[in-house]
Amino acid sequence: MRILWINPIGYEGFNEDTLKILNEVRSAGTQVDLVSLPSDRPQHLQYHSYGGLVIADIVRLTYQAAKEYDGVVIGCFYDPGLREAREVSGRAVVTAPCESSTAIASMLGNTFSVLVSSRKNIAKMRENIGIYGHNHRLASIRSIGVEVLQLQADRGYTSQRLLFEGQKAIDEDGAEVLILGCSAIYGFYQEMQNRLGVPVIDSVLAPFKYAEFLAGLANSFGWYPSRILGSEPPPEKEVANWGYFDHPTS
Amino acid sequence: MRILWINPIGYEGFNEDTLKILNEVRSAGTQVDLVSLPSDRPQHLQYHSYGGLVIADIVRLTYQAAKEYDGVVIGCFYDPGLREAREVSGRAVVTAPCESSTAIASMLGNTFSVLVSSRKNIAKMRENIGIYGHNHRLASIRSIGVEVLQLQADRGYTSQRLLFEGQKAIDEDGAEVLILGCSAIYGFYQEMQNRLGVPVIDSVLAPFKYAEFLAGLANSFGWYPSRILGSEPPPEKEVANWGYFDHPTS
Amino acid sequence: MRILWINPIGYEGFNEDTLKILNEVRSAGTQVDLVSLPSDRPQHLQYHSYGGLVIADIVRLTYQAAKEYDGVVIGCFYDPGLREAREVSGRAVVTAPCESSTAIASMLGNTFSVLVSSRKNIAKMRENIGIYGHNHRLASIRSIGVEVLQLQADRGYTSQRLLFEGQKAIDEDGAEVLILGCSAIYGFYQEMQNRLGVPVIDSVLAPFKYAEFLAGLANSFGWYPSRILGSEPPPEKEVANWGYFDHPTS
Amino acid sequence: MRILWINPIGYEGFNEDTLKILNEVRSAGTQVDLVSLPSDRPQHLQYHSYGGLVIADIVRLTYQAAKEYDGVVIGCFYDPGLREAREVSGRAVVTAPCESSTAIASMLGNTFSVLVSSRKNIAKMRENIGIYGHNHRLASIRSIGVEVLQLQADRGYTSQRLLFEGQKAIDEDGAEVLILGCSAIYGFYQEMQNRLGVPVIDSVLAPFKYAEFLAGLANSFGWYPSRILGSEPPPEKEVANWGYFDHPTS
Amino acid sequence: MRILWINPIGYEGFNEDTLKILNEVRSAGTQVDLVSLPSDRPQHLQYHSYGGLVIADIVRLTYQAAKEYDGVVIGCFYDPGLREAREVSGRAVVTAPCESSTAIASMLGNTFSVLVSSRKNIAKMRENIGIYGHNHRLASIRSIGVEVLQLQADRGYTSQRLLFEGQKAIDEDGAEVLILGCSAIYGFYQEMQNRLGVPVIDSVLAPFKYAEFLAGLANSFGWYPSRILGSEPPPEKEVANWGYFDHPTS
Amino acid sequence: MRILWINPIGYEGFNEDTLKILNEVRSAGTQVDLVSLPSDRPQHLQYHSYGGLVIADIVRLTYQAAKEYDGVVIGCFYDPGLREAREVSGRAVVTAPCESSTAIASMLGNTFSVLVSSRKNIAKMRENIGIYGHNHRLASIRSIGVEVLQLQADRGYTSQRLLFEGQKAIDEDGAEVLILGCSAIYGFYQEMQNRLGVPVIDSVLAPFKYAEFLAGLANSFGWYPSRILGSEPPPEKEVANWGYFDHPTS
């Protein structure tokens, strides 16, 4: 099985760490590749307009990947382009951090809180969690107030903020599970669950393992993505003639 | 007041008609411009992946327009890029057909139905209408089964299909108002409301007049878009340094 | 275009100010009239029972106005009699502060808070906001604890309370937009938005401009209120025979 | 215990039947009175504007009744003035047909349908049922197409229509319980439940017995209506000074 | 009329008090019996797994009671086995504390809070209240932090905690009505409502009086539980052959 | 990894088939056991009361299994005892067909329909799907009208009914994915998806593979079920003293 992780930003700083993590946790028989975007793309996606600049890349990469990969992961907790990429993924599954993390959390406890980088993130992520059907489980979304590109730069501070807001999510908001709401908040979940005593879902691991899981179901049982009605892809002929998805990612 | 209409497709065939309509209905004192996209962009946006290919264009056009225009309209009933464009519109308002049409319809009757080009449209449009808060008013979404680029080509057939499904929406689904769910279904509403006896919201007129309305409120009362929390734009300095929104639309 | 503002109370103290404001903000070509109720009617509508005493007046005034006016505004943030008046407004549109303000706010930010006179207001206004479809955007309803008839009497205190609770709505509740939830809280929005940095919707201006907007759509495009199913009016003959709406307003 | 039934219309034609029914079903120890409105009031409340004309009557009658009665029933399935009357009912409880019937039906089956006189009724009644919290139980609202004043005039036809639409509600909509959605559809429930094999809630009996029930709880346990926050009544002094509720019902 | 109260625990400590209360408040003509479970059953039902151990008992007791009783009450605020017992209650009604208390509270005020023994209770009770349709009325669920078997042991402390959290529910959460969310919190409501000035629903009284009420409706009007579709009971023949409900309660 | 499948019925007729299927699809390294209940337990769980008779068994089996197994599957599409069993599963995960199937379906299409054995199933399954957060994706629940114990007896008829209702779910209800809503409807999904062209989720495979998936996450990342607040298990000491979960399954 082959999985492609897309870091949908024009910044390579997380690539090595992410790929290392994925290789540590992949199932036997899974091959992982990782791609990020050309350097003229936004270096982070905190702003929705930045996200808008890279959806075409995500769509094209997914379309092309569908020929060789069993699964594609969009590595940003806003889940940018998830609907758009799924439409052209053929038989490959597409996952993304918020959808996968909340699906897993929903089976580990009654309620969860999401810890995010910034108050900026809250409105859109709340909307997504509602679309995914988990509003009634959402105890809170709490900001730790650390910019994306600083999350790994001062890991001690990030960790301290995560523990502080995580504890408050449990005590004041009634969260039974925590979710780390940014794919750059990797490498923290284990200490957190040791210290806080609740499962802490890491948003690199969750969508990657979910992609392996769904791709396995597809391969074994033919549970490929639906391709009718709202999930109907563009006609192959039109796509071929117009060449919309052939351009290099730039 | 200046309003920019974006036809977010690489097809110019609707431009002349649309601009003519807008000039006929604009308020005294409103100036209208219209822009469509380079010809290598999708010619229609029926597929979400196609929509994904043009969001960067919509964002950049809006960012640039914000310096000169009071309002921007995204001319597609999927409302593609609405959240993303609004983030960088500065003091300009941004509207889109589905949001505007449903807002107006919600004050003209208890319930409405949307007539769309294809069953493909239904799932995503239903999701949007839910996000806008009108699920409890949505009587039905009915497909007329006419491809976007055919809507104006055989107007007689389009009209017949709209009347047929519109009548069923009233009789079987309990719709009190109808909405024409594609910005290429222009030029039909008047005959329809004469024949069917209910208001029929045209999705070119609705977002354009709503843009004039909101821009007027902004100019008169300072009710500009909020720029805090989830509506915070990217930092000017970062935008300037990285030049993300400066590229030509291509 | 002619718009009638109904101050649905038996107190004339706000009439002059309100009419002055409306005349300042009306569009060229709009004529405004204002009517309040006989002096044996309640002087304020804080209590639902008081509101119940004046719905017949609102209905009759609207029915009569429909012959001459293009739009009617019910000037109380409980939106009393909105459904009832709309039924008999013929081709005239009817608006009211809560519905109009929340519709506008929903396009200026992700979330809003409403500042009200008293905790008494909260339950019913929350119910209305839910009916209008904006529950998911409602950050909070906060009481400033100033009685309706005192709101303009000690403007300094009212202003201080509005600024205090408005700031808390932003900081603690995550509001991106504020709404002033009483049509007697006029004349405060500008200073508030200067000080707080978010749009502050005034509930005199919002329904009045919304009435102009909808009446304009009706006049230009024939988008009159639906008159079928749940929006069907009483039969003209029955109304004429029984004379229910002919009585003077008393 | 004393219960007052308000027939909130200016038509006496149902009074005798209704009072007879109430006396047949009242508990030992309950005294029933019935009042309808002066003859210049609407003879039926099919239209919301008609309902608006009588809310003041309902409020005043309730305010006055609160001194002598333990419970008040508002005899119309639109539940007109329920919130307004409850505010001034003091220690007396106030009930109404739609609220009571749906509360009872919710404990007799998973789902219910409401049979109403006209398609006119559907939108507002659906809204009320949502406010009461039963949207997820509402299988359908079906119109029998018989005008209110004809319901008792041709009982054979009414019965036939009720049986026909009731059977369809069961078979096609999945209703486990039926509710007769007009207080003039009395005298039909027994035959219907014999023929259809499901409980059929009569909207005269339901709110009357519910009023007895709630008044009994109030008398025995002090579970009087809450009088704080959104349920706070107007100040006694203001009410006395202004005399709003003293006028005769006209 | 005969009502059976089931204390669904293997602990007899509450039986005498409960039966005494029921006999004090029963209507003339009502006979009450009370049964608890064999002593090897859980002594309290704080844990869902404990509740799972007694559902078979509740089902069998209800099935057997249906031959002699008009109503059955399941005496635990988790309402365990309510759906299961209702299926086999024949013509007898089945009630339970949370459903009954919230139904009553919904007519006494706009909002309510529930005071529970432990934070453990909150998630499941919130889910139930949502199923019953009252999420929009739920101001809060507050834990008093007193174990079930201690609630009556140190009544002074229990009372103090109830008053403290009840006051906070009113002041901070906006509750207009309070509900005591455990059938072992009996004997406190009167002092609480005297001190706090709002109705306080006792969860022994509420479901018992509701059972009398519903059984009375069934006896008078034939409003027995629906027995079709999702409320269809198992076939009598199958039940008889297999003898599933004949076993003694153990 | 060890997974226990519980067939929560006193009927062994499905055991061999189910175990064979599980062994065919288990991952390398997974060991599967299957247990059904003593023969005096219900032979099917179509009725909620029957389900109530076996929840104690499910709880005890899960409690005991938690010492040796990594995951437990409750093999009935009503998901009986899911909440109760999860509370005492320690570090083992617990899954069930409806929850797992709908979670998977939600990522393969916008909407799904569930095909069930009988109209009896619909109300409770709809409630569960709502609790899981998928109401907005539920196109319909359709009954094939075949009793549970007949599903495998006349496979030709079952298949024909599944194909017929599945096609209608797609064409009339707009389902993009189908779910087979009974764990006795095994062995049909492949032909169905070949014939109907949409993914068809089998409710034996879905919860089993989901159990493997979640157990894998638990083992690899420590994402064990939360054990706080609403997910807090009974105290070990109390469980040990009282021995509630030690009894043999009978």
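Note that the chains take the letters A, B, C, D, E and F in the order they are written out, and that residue 1 is the start of every chain.
In the analysis below, a residue touches a chain if its C-beta (ideal position, glycine included) is under 8 Å from a C-beta of that chain, and two chains touch if they have at least 3 such contacts.
Computed from a predicted model, the values in this text were never measured in an experiment.
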item	value
Candidate from B-F, C-E or A-B with the same interface as C-D, over half of contact pairs in common	A-B
Rounded Å distance between chain A and chain C, as computed from the means of their C-alpha atoms	44
Averaged-CA centre spacing for the pair chain F and chain E, given as whole angstrom	29
Numbers and ranges of chain A residues touching at least 2 other chains	110-111, 119, 122-124, 127, 136, 174, 176, 229-231
Complete list of chain pairs which touch one another	A-B, A-C, A-E, A-F, B-C, B-D, B-F, C-D, C-E, D-E, D-F, E-F
Chain F - residues contacting chain A, complex	25, 93, 95, 99, 103-104, 106-111, 132-137, 170, 174, 176-177, 189-190, 193, 197-199, 201-202, 205, 209, 213-214, 216-217, 220-231
Contact footprint of chain E on chain F as seen in their complex	42-43, 46-56, 58-60, 63, 81, 83-85, 87-88, 119-124, 127, 131, 229-234, 242, 244-245
List of chain E residues in touch with chain A within their complex	119, 122-124, 127, 130
Complex contacts: residues of chain D adjacent to chain F	110-111, 136, 174, 176
